[in-house]
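To keep things clear, I will list the structure first and then write my remarks on it.
Labels run A, B and C following the written order; every chain starts at residue 1.
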Amino acid sequence: MNGQPTALEAIVAFVDERVGLKQIQAKMLNEPVPGGSRWAYIFGSCLLFIFIMQAVTGVLLMFYYVPSADHAYASTQYILHEVDYGWFLLSYHFWGSSAMVMMVFAHMSQVFLWGAYKKPREMIWLVGLALFGIVMAFGFTGYLLPWDQRAYWATTVGVEIMDKTPVVGDFMARFLKGGPTPGQMTLSRFFVIHVMVLPAALMGLAGLHLFLFRKAGPAGPFRGTHAELKAKTDYFFPRQIWKDIVAMSAVFITVCSLAFIEPVVLLEEATPDPGEYHPEPEWYFLFLFQLLRLKIFSGEFGQFLGAIALPGAFMALLAALPFIDRSPERNIFKRPVALVGWLIVMISIVIFTVSAIINREFLD
Amino acid sequence: MSAQAPSMSPVKLGLAVWWPAFWSGIPFKLTIALLFLAMGVPSWEMPGIAFLLLLSIPIDIWAMGVSARTVFLEQLRLNPPDSLGLTLWWQNAILSALYLPLAYFIEISVIAGAKAVTNRIMELGLMKALGVAERISINLVMWSSVSTVVLIILVLVYLWLFGRIVRRQAAGARAATESYQGLVRSWDLMRVPADQPLMLTVFTATGVLLVFGLWAFMPVTTPHPHESYQQSKGKQVPDLRPVDALKKTEKLLAQAETRVEALEAKAQEETKEKEKEKGKGKSKGTADPTKPKAEPAKAGEKPSPKQ
Amino acid sequence: MQPQLKSKVRCTDREVGEVTRVIMDPLSLQISHIVVGGNGAGGPERQVPASTIQRVTDGLVELRAPSSELESFPAFKRDEYVTIHEVEIAHLEEHVHVESGEVLVPVPELERNVKRRAFFANFTHSIGILIGLPLAYPVLRYLMKPMYAPLDNGWIKIGNANKIKTDDVGVQFKYKKKVKEAFMPEAEVDKNVWILKASPDTLEKVYKGKDMDFQDQTGRVIWTNKRDVPYVVFSGKCPHLGCGYKWRSHKVLGQVFLCPCHLSIYDATGKVLDGPAPRPLDALPIRVGPSGEIQIIDMEFKAGTRSQTRIV
């Protein structure tokens, strides 16, 4: 050692002696990524980043937003028109939620295509599916809060669809609505679910997801000889984290740009009669919405089939995936069923989403 | 040990160079686009698009260079020639200038044609029995599948042409003699700047300046106000300051008390005078002209203080 | 068996030292090299690949190379490696068995009685459940309080029948309903219904020969619409998903009720002609005073179901 340690070094040594800081740091950061850090692995970290930004902007919005039926709309308009940069924070929060859904699809697709749900990563996949459900629930509950026509009616239609579930549907719908019809009780419930219940669930499950991931280790690329993988191996810190942060900054800039291009503009305040307004859910539910317009899903049972049974069966299939697909092959180009299945699902979602947008012109 | 240079098809080669080059440039272009947006200049209209394309040139040259040199070292096992980035960039610029308008025209025509054909098929009445939603989706699938196939072909042709350009550069390059690990180390160290403190300082300082610019340009209130929202006008409710209000009231009460005491005193004096005058008046027998004035004034002003 | 640390290393001809360190491959989680040192001659430690190991016994590692070849193995460079405590490699420690013997710590005297441990563990579980349990029922009632509110069966005046000029034509009556939700101040909600002055044919189709009964939650009949009263009132909410529908001219079906949301179409009797509506329009209790004053009981029914279930 040359000379006296600096103040910073002394503090670090003090903490390290008591806590084993250096070892903890090393364990957390020096995780070798076989085959090297990759841009394809950034989606999970981006999700974490987007969640933190949503939490921060969300808390800021709560400084002015009032979750009561007679003030929700006015307080939201106040944030948009009078509070300095309120329009920007609300628009960031709004576009951030869309970014989160996109990123969830990207992350799930990357994990699926890389076969990283296979043994020994089955539990990470299952927890991930639960997290997916939570993200969709976030989008659904948050959408109601501005209490304009779009918010109120998208929620009403969504909850009515849930009502179609046999046996428990009526109870679930009344629980969410806080009564037989949507009103103040609905707003209160959606608010507490959105700002307390779901964030707590997300943080808990995300923590579990990360713990399980570290325990199993990164899956790495699906091709490459042992020598090639070893030659390109680097540590999580700083290489993968560097790629993560570049991706996060790209996401940040994109969401900011969207906030500038298309700031949030509310419709009129919610009324019990939709009038000229045609209820529509958020864009990431549009494909389901369009599916329900098909004749095969008409009628009470048909709506249940299309809205609850089919998506439910699909989620069950995804959950069962690591237990059905036991082949250790992870190369997507050698898993034709998986590749074709993924393409069909993605293309169908795109087709139905675009169809829903085209269908808007046919509504009168 | 030097590995045999593997041969790559032009399409694979084109993609291997173009894909990372494209994404490497994105963060910089996004930053520029965001700054423009804050100033109210969208990047998909003139003049925003012109500025963006202009500023993209050095970014693209750099990105192309990094990407191409990496591919040369790791996948082709060749030493990249000097100014590879610049060479590939200007050759690609010419290719794009010639090919892209043609490809665009082809794709637009195919889309229009496919849509027309699809509409004719739909009109044939075979599908009248289906619902609106079904017809919309079938219509969409019919014309979009054709257009997508053509689009994929156009992209593959572009990549093939670009791959040929890269191949020509590769043909003139010398084989690299290091081991695989050595090659990986080469392209990896290529990404570390020679003068780290300088680069990091310049980067951070530029970033900070851009952020200040963003703060200066971005609008304080929403650029899309709601049509029926009434912005609150100048008339403000004055601030309520409880301590001041109390003090004011105290002062007012004190003043009122003083006035009342003064009036009481005056009233007493006048009553005394009246008594005196009464006495005098009875003996004199004439009414004092000043008295009637005093009386109504007395009656009006004085509330009975003794009550 | 893995080579143990500190065990002696012997080449084909003689002993050359001991195992000072063991190196593992992070990808395969196998031992890739052993470091042989301590041979006294002052030479550097040598890094010997695992393929050179012929046999491992307790305390001894036998190499298949002669001691003269030992110098051909690379010298061990410590700074190219880190210990397994300075890096996180999944499942690595499970594959490490290079210590001879176990490292142990004593179990405290008080914890050695299994029955005692079991009792306190179970008692803890029991108390834990009993702390949570009292909350369950009150919390359930707490959350469910507003979900099954009693129904309002009051009569509301909505207008006069002389507003309706023609038979079998839908006429919209708008009115305001007072609602008090939980703690919210009493509010007025804009509502509307569609009323028809029905011709005898239409009336027959609506009632199908029976008077229309309306019941409350217990099943007791609270009102009956008599089928000889020529006025029929339909709830303003479409039974599909609750949108407000209108009386319109359809190019094929004539004068109909049309819902703009999903294009459900009903005829003047409320019967479904087209669209996703699961049941006909919901009729409400109506009573018409002698001067033509119309009163209704405002009811709402669950949307999207084939059977009619009242919810408000």
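Following the convention adopted for this analysis, contacts are C-beta pairs under 8 Å (C-beta built on N, C-alpha and C of every residue); 3 or more make two chains touch, one makes a residue touch a chain.
Keep in mind it's a predicted model, so treat the numbers as computed, not measured.
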Given the touch definition stated above, what is the smallest step count connecting subunit B to subunit C? 2
Return the chain whose centre of C-alpha atoms lies at maximal distance from the corresponding centre of subunit C. B
Would you indicate which pair of chains has the most C-beta pairs in contact? A-C
Approximately how many whole Å separate the CA-defined centres of subunit B and subunit C? 33
For subunit A and subunit B, let me know how many angstrom lie between their CA-based centres, rounded off. 22
Just give me the whole-number Å value for how far the CA centre of subunit A lies from that of subunit C. 13
Give me the residue numbers in subunit B that touch at least two other chains, ranges are fine. 132
Residues in subunit C with touches to at least two other chains are numbered 263
Mind pulling the residue numbers of subunit A that touch at least two other chains? 293
Can you name the residues of subunit B that touch subunit A in the complex? 23, 26-27, 30-31, 33-34, 37-38, 42, 130-134, 136-137, 140-141, 144, 180-181, 184, 218-226, 228-229, 231-232
Once bound in the complex, which stretches of subunit A touch subunit C? 23, 26-28, 30-32, 34, 68-70, 156-157, 160-161, 163-164, 170-171, 174-175, 177-181, 183-185, 214-217, 226, 229-230, 233, 271-276, 278-279, 293, 298-300, 303, 363-364
Subunit A-facing residues of subunit C, complex: 26-28, 82, 85-91, 143-144, 146-149, 181-185, 189-192, 236, 241-244, 260-263, 276, 278, 300, 302-306, 311-312
Note: in the complex, subunit A contacts subunit B through residues 39, 77, 80-82, 84-88, 227-228, 231-232, 246, 249-250, 253-254, 256-257, 260-261, 263, 265-266, 268, 290, 293-295, 351-352, 354-355, 358-359, 362
